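Please see the structure below; I have some questions.
Chain IDs A, B, C, D and E follow the sequence of writing; residue 1 opens each chain.
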Amino acid sequence: MQMAEQILSVAHLEKSYQKRHVLHDINFSIAKGEVVALLGPSGSGKSTLIRCLNGLEEYQQGTLTFNGEEVTPTEKNWQQLRQKIGMVFQSYDLFPNLTVLDNILLGPVKVQHQSREEAKATAEKLLDQVGLREYENSYPRQLSGGQKQRIAIVRALALNPELMLFDEVTASLDPEMVRGVLNIITELAQDSNMTMIVVTHEMNFAKQIADRVLFLEDGKILEQTPGKQFFEDPQTDRAKAFLESMDF
Amino acid sequence: MQMAEQILSVAHLEKSYQKRHVLHDINFSIAKGEVVALLGPSGSGKSTLIRCLNGLEEYQQGTLTFNGEEVTPTEKNWQQLRQKIGMVFQSYDLFPNLTVLDNILLGPVKVQHQSREEAKATAEKLLDQVGLREYENSYPRQLSGGQKQRIAIVRALALNPELMLFDEVTASLDPEMVRGVLNIITELAQDSNMTMIVVTHEMNFAKQIADRVLFLEDGKILEQTPGKQFFEDPQTDRAKAFLESMDF
Amino acid sequence: MGISWQVIQQSLPVFEKGLVLTLWLSLIGIIGAIIVGLVCSLLQYFKVPVLHQIVSVYVEVSRNTPLLVQLFFLYYAFPVFGFKMNAEMCGIVGLIFLGGSYMAEGFTGGFNGVSKTQVETGKAIGLTRGQLARYVVFPQGFALSVPALAANIIFLIKETSIFTVIAIPELTNTALDLIGMYYRSNEYLLVLVVGYAIILIPLSILLTILEKRVRYGAFGN
Amino acid sequence: MAHSGINVLFEGRNLARLFGGLWTTIEIAAIALVLGLILGVVLGVLRTFKNRPLRFILRLYLEFFRIVPTVVLLFLFYYILPRQMGVNLPANEVAILVFALWTAAEMSDIVRGALISVPQHQRESGLAIGLGRWQLYRYVLIPQAVALELPATINLVTRVIKTTSLLMLISVMDVINVGQQVVEANGQKYPTGVFWVYGIIFVMYFVIDYPLSWWAKRMDKKRLERANG
Amino acid sequence: GCGSNSSKSSSSSSSSDNQSTVQKIKKRGTIRIAVFGDLPPYGWVNKNGQRVGYDLTLARKVAKDLGVKAKFVQVNANNRVDALNSNKVDMVLANFTVTPERKQVVDFANPYMKVSVGVVSKKSNPITKASQLNGKKLIVTKGTTAENYFTKQSGVNLLKFDSKTQQFNALKNGRGAALADDNSYLYAWVKNQPKYTVGIKSIGPKQYIAPAVKKGNKSLLNWTNKEINKLTKNSFFEQDYNSQLKPYFGSEVKPSDIIITK
């Protein structure tokens, strides 16, 4: 791991909800173009960690460094940073009161002050990529779950982020819809070389895209292992047990 | 398929929601001790069919025959029959206002008028089987999703039904919780010889327990094939495509 | 005692005046209440220092005391210290004072009802606090608050019946006055009930339609 | 002297009388609420049944009490009932009747709303273990609905208490009527007495209603928090 | 005890039973009488919570002579007819002026007071002629003879209140140029309000105040007529005047202005 191109580093991160200590001394970095899969049992703190990286949760201690600069965790700073750090959630979180296109353009036009034409051109290119160009004037309610989730990804990409965070984006989809969404993320990783951190319960998918796996349990990083190796020969027994439990 | 021990037969079942025709001429039977898996893409009508078998949905045409007697579909009759036909849903549907034990005893004591002691003895035996005896005085909110779903199964079994219906009982569970629940259903099929109809998206599980597969699409039964054969060599192209889409 | 249509007919012109007055006072009061409520809920949403605490106190005082006592205060007690408004003004001020807090609660309830994931999603695409409010929270929150606002509108119109205690000749006062002069309670109370029905039934149907429209516009169901 | 007007409260038995009036107010509100809430629950349950004529009648009942202002209801019941129906009740009982019927109407809507918002799968899992209709209500729906409806019910209670201020219009010696007597009897001696008398009535209502509202709000907040995870 | 509502034992509504109403009242042991609660010195509640005043003394006397207890129901002017008609009370003793309109809906017994409408206004800006009221606001109480009288005079804007408390407060707050009501109250009121004067002492017809009973209630009406005659003869009203009214009136009022003497 070459220090030079680290896009994000996390050092000694600690996070509690009231009395509950949920993240313990988290340390890791992610380099440009790298894909990190964040795995671990339910409740181990994956969502909490990824939300800290986007300023959606406050943390008590530790430092984040983004593109070589330490992040001062103020609301104002985070608002700026979020244009560089895109995030997609489990729920199909499109704004129901806006059309697909307006959902996508909101960030580029209002936050980044791009001209509507310019932003629209980008948006349509992305919509073409995910095969949903024809829905640009539809409302979210007219789309299936899988389609909504693909639009949500486009919406995050439209800001042209340097790092993407995905939190179980297929968890609430019908099984048949899952593949379409995962394909897009895979393309993004492989063709566009996007840097990303992915939380998922789809082991086959993780195996396919992860350059590195962070295995979390009880808020601690139990192991950080290159992707291939993790799935063939995890270093800890706990990870082994976890992998076994994931296929019936 | 020997007529003699058919526990439930469905003949020419038709079901519409207002204008939408969702089940077309459904015909099948299930014999005592048999396990039928109901598979098919999302929206194909699996839930609708299984809910018709329990009187939760009205149907427009067709006959159901249970234990050799044709079912007259009145609310009163169904209320009686539901003691013989247990059902477990996708949602963790325990009553949040009752303890685990009271959830289980409600049916036996209030509906079947068993004595509380007798019912409690049965309940505790079942709780032992699913490894949750220690939670009998807990409230549902204190349990994990997987635990809740196991209790829901116990609750249905406590009425000592002759037929069990399972509708995607693991669909809203965390991946690690899935196995525990599926194990219980597998035991039920293999050790207790329970007759059951199972809707699931877990293909490995279906493969393991199904004596026969009913493959549904657009409200029609496309094929009825013995379990092994279906997974190795489905008869229709649609089923083949479906099986392929299910693993990433 | 039967009902005399003649008595009813003769009273109609007077009742019509009362009805018009009821409508006017309600209209001004409701518009005022919506404005006050919106301002208050914005102050609370953005947690504007000092003002938002003042708003909290106002909301509690206004919601937890009867309009009748508020009006007595405005009309009979305040002038003792030299603040004097005419009856109609007192009525309107009272209605706005009462309705403002109800409307504020309605708006705030709507804003708070916007789901947490929607807010977080907005943040995740880099929206500022103001933009989040403008593009996500307000449009959705407003749609969520319409049912409460509609209920408040009906409530406030009915509350104008209390204006009778400060001698505003609205519908209820008209009826009570006629009863006092001509002793035909049956007829006048009947006209009174019909009068309110004429205002409130069409209005509540209209509001239900509006609720559905707005809801569909925002959420599509 | 403006500020000395407060002494009007301590003249003779004035303060005690005001509290006496308040007690009348509370008594009427309490009895009406107990009756109204019970009746409201029953009507609310009935309104979730499939029986169309029944639902229509109950809806009509609700809409009548929704449309007619309470002042008008009080007059209707006080003056018209005895003459048209031969039922003659003293003012306090008319007040209780009107408030109870009104409470029941509003409550029936709250209960109905809560019952239909108990998740559909709760109803279905009740049916699936063979519960009959009454058992379903008794063991599953009503207990869950109670938790959902509590804040709205408390808000209804505060509204009923506030609305008792209208009792003065039908010869009930409630706190406001007593207040008027005090103002009139002491008006010459204490020209600013009116401020203090209405002031203390204002405070009395606030002191009763505020804790209830606070409680309702807190429960609502907790429920929202739970819903948001 | 005092200041309470009507009796609970009354649920029959028809007054045309075989049994005479007087008998029924005696059997019941209480007579329900409608009175004012905020009109010193006629019917009001003093600081100790006791109902007192000219009408109240009469009411207690009536009850005593009937041999029953009195239950008082406090009414406002515009409820007096309905209180009788809806059988909330047996008798009204609330400064009820006899008018032709009212005679059609209730039965009046023999009168016990004289009255006419007067108008009170600020000494600094007195109203002494009805014509001065043109285009101005005049305060009245709903259901009074004053309201009735001025409703028929065009050009006067009436501000109508429910109770006496409200109307006098409104005048003090300057909500109208003047207030019209029975002159008998106004005399009493200005005694303690040195800034005000009864600028018009009497306007409209001279009228009488009498007890009222429900229309058709012959037996109580007859009894009451006899009672009033007897009390008049016994100078009861002079005593009542001296104890209840005199302290409230200035020197300009003579007993013969108010009460009916034999």
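Criterion: a residue touches a chain if its C-beta (ideal position, glycine included) is under 8 Å from a C-beta of that chain, and two chains touch if they have at least 3 such contacts.
For clarity, every value in this text was computed on a predicted model and none was experimentally measured.
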Contact-graph separation of chain B and chain E, given in steps at minimum: 2
Winner on C-beta contact pairs when C-D is weighed against B-D: C-D
Distance-maximising chain from chain B - centres being C-alpha averages: E
Cα-centroid distance, chain B relative to chain D, in whole angstrom: 47
CA centroid of chain D to CA centroid of chain E, Å: 35
Chain A and chain E: spacing of chain centres that average the CA atoms, whole Å: 83
Separation of mean Cα positions, chain C and chain B [Å, integer]: 52
Per-residue overlap in chain D, given as positions that touch at least 2 other chains: 79-80, 83, 169, 191, 194
Chain C, residues touching no fewer than two other chains: 76, 80, 164-165, 176, 185
Residues of chain E touching at least two other chains: 79, 82, 85-86, 162, 166, 169, 172
Each pair of chains that touches, named by its two labels: A-B, A-C, B-D, C-D, C-E, D-E
Interface residues, chain B side, partner chain D - complex: 54-56, 75, 78-80, 82-83, 86-89, 91, 93-98, 106-107, 110-112, 152, 155-156, 159
List of chain C residues in touch with chain A within their complex: 117-118, 120-129, 131, 135-136, 139-140, 143, 217-221
Complex contact set, residues of chain D against chain C: 2, 5, 66-72, 75-76, 79-80, 83-84, 158, 162-166, 168-169, 176, 191-192, 194-195, 198-199, 201-202, 205-206, 209-210, 213, 224, 228-229
Residues of chain E defined as touching chain C within the complex: 77-79, 81-82, 85-86, 101-102, 105, 142-144, 147-148, 151, 159-162, 166, 169-170, 172-175
Residues of chain B that touch chain A when the two form their complex: 41-42, 174-179, 182, 201-202, 204-205, 208, 242, 245-248
